[in-house]
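Since the structure comes first, as structure tokens, the remarks are kept for the end.
The first chain written gets the first letter, and so on, giving A, B, C, D, E and F; residue counts start at 1 in each chain.
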């Protein structure tokens, strides 16, 4: 079955991103296709490579990146939500005149249409948030 | 009177940072001293210069920076909370081997002792959060 | 399954205290271009989103309430408001913004977009949807 | 005002669902070095923070519950738990971790850190504090 | 000794106002801000909780947050006082400490 | 047509579980996750709400979230079924769509 996942909260502050990670892993193990993981609201904060979590805790951004590489996941960060919260890739850096970028490996910034498309194309949309 | 303010939530997602801004302005206008503004939990996300908010909305990070410059405010971002969430200054960039930093003008990263000190030194501690 | 899906955007949170109301509305506006069958549900504190007379000047933040009035122009004309949620909050239809759309199937007659429904009717609307968007 | 202030850390949120419980505890640990008069209050879902048998292996996240047991070593020995909050959740003192400290004023006798108090006693403890930390 | 309590959550969504009323000592002040301002409206399922607590506590509501949400002052419970941010600062000073019911 | 409802908030802190029970049609499944798992415990002020809803809805609770919080399975309301993340995925597939009561 084709599943899409929406993540509405940032890492650590809420359990939502950990729940989404564990759910995604279980869905992949069960042989389902993950059409897309869409990061919205504070969820965009999952996609920064600037985090340095404590050594004795999960590294959430890295876990997403590794999962994306291993399974070819499409991790999409909403551009409007990202602009409000300071998540930047090279394209956004150019467009908005920033002096750097912080997007993590495996994530891409795109529009809300990607969420709508996920709703249309997927058999199920599962939302994790606050 | 000597006041300190704690901000527990990031910009835009919750009203907390706007409430803290409006409160801080009113306190300064009334002639009170702001000993410190301490950003904790997701509140550390107030201190990134990577945001590009919509033109028709408030620019929260810039408003903090301008207020800090005008009134010499001490804006402190908690280092442990910042590491979990990807807020980095030059020192943290060096220490944690990051390829850039995103701290906004007027903010500094320091330890939780700064919050305790604010509690000891201030006549009132006012907390804004979720 | 037909090419057109029934989308239901579920709004349960008050405006301004958190951003969910506004960022949810941004999804609805973008989604309108995809020509799906769109409905919005307002339950719990979500009903506050539609209250008239919103004025954010004193807070210094964006007032997005006018955007609800533009929904009709985007062919988003089914806004279901739960009666029980209104009543618990001491609100009636008169407290909400008048929202209308022009019905293309009825010589572009101006009609009300807001439909007050019971909890049970709302539960049925959820059942009949294909995709539920939660924020 | 004396040099020592009465600090009250107020815990109202469950562990793991959000980070407030853990990051609040980090403040308490750092704050212990400042030699103030420290108390912790556990009300509402904050009482869940002290439940025994926490095991986060299945989630893959840090289990910080052992840290509460270390509080005694930091001279943090006054943990007030609201009776009404426990009761509403079907909990008793037996469901909570046994937390103790060694009383330096009583020949280092081992004593219980957790004190169950009524809502009214908790309200009085808040009144008697100098600074209330809320997370 | 008195406490300024701030409540920033809707009483229909969260338990903050209820907990504040239960755990606030007599003589305290309660200021409703952000989504907490909905707790100041009359004719709701939460109004009685506020009215009953008025014998022990004084209730305030933040005007700019009321206006943002389109709540007319005529809809407030009798006795709830509207203050602006300057009034918020004054309440902070007049009471000995602040408890935020987050 | 049936809905999998997820509830991730404590019923003592938020109204999510209450709203889910009010607005879930007969035949639906409710899965309690994250802080929502406290709603599955017996002997609480929220237990009756779940027990009464059981005639129309089937209740599940996520085991890893229960364990994290130290909630023994012996403390669950009779009839609430414990599932792991694989079971969560199965429930997603077995129902037609998911409603997250955030």
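In the analysis below, a contact is a pair of C-beta atoms (placed from the backbone, for glycine too) under 8 Å apart; a residue touches a chain by one contact, two chains touch by 3 or more.
Remember, it's a predicted structure, so these values are computed and weren't measured experimentally.
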Can you name the chains that touch chain D as well as chain E?
B, F
Via touching chains, chain B connects to chain E in a minimum step count of 1
Look at the interfaces C-E and B-D and say which one is made up of more C-beta pairs in contact.
C-E
Tell me whether chain A and chain B, two copies of the same sequence, contact each other through the same residue numbers or different ones, using over half shared as the line for same.
same
Just curious, how far off is chain F from chain A if you go by their C-alpha centres, in Å?
26
Distance between chain centroids, defined by C-alpha means - chain B, chain F (Å):
38
Roughly how far is chain D from chain F, going centre to centre by Cα mean, in whole Å?
29
Counting only residues that touch at least 2 other chains, which ones in chain C make the list?
16-19, 44, 59, 61, 131-132, 134-135
Per-residue multi-chain contacts in chain F, two or more chains:
8, 12-13, 15, 34-35, 64, 84, 97-98, 100, 102
In chain B, what residues contact two or more other chains?
8, 12-13, 15, 22, 41, 54, 80, 84, 125, 127, 129-130
Pairwise touch list, complete, is A-B, A-C, A-D, A-F, B-C, B-D, B-E, C-E, C-F, D-E, D-F, E-F
In their complex, what parts of chain F are in touch with chain E?
12-15
Write out the stretch or stretches of chain C touching chain A in their complex.
5, 7, 19-20, 23, 26-27, 30-31, 33-34, 36, 131-135
Listed in rising order, the residues of chain B that touch chain C in the complex are 12-15, 18, 21-22, 54, 56-58, 130
Complex contact set, residues of chain F against chain C:
1-3, 15, 19, 22-25, 97-102
Within the complex, which stretch of chain D touches chain F?
13-18, 44-45, 48, 51-59, 61, 63, 65, 88-90
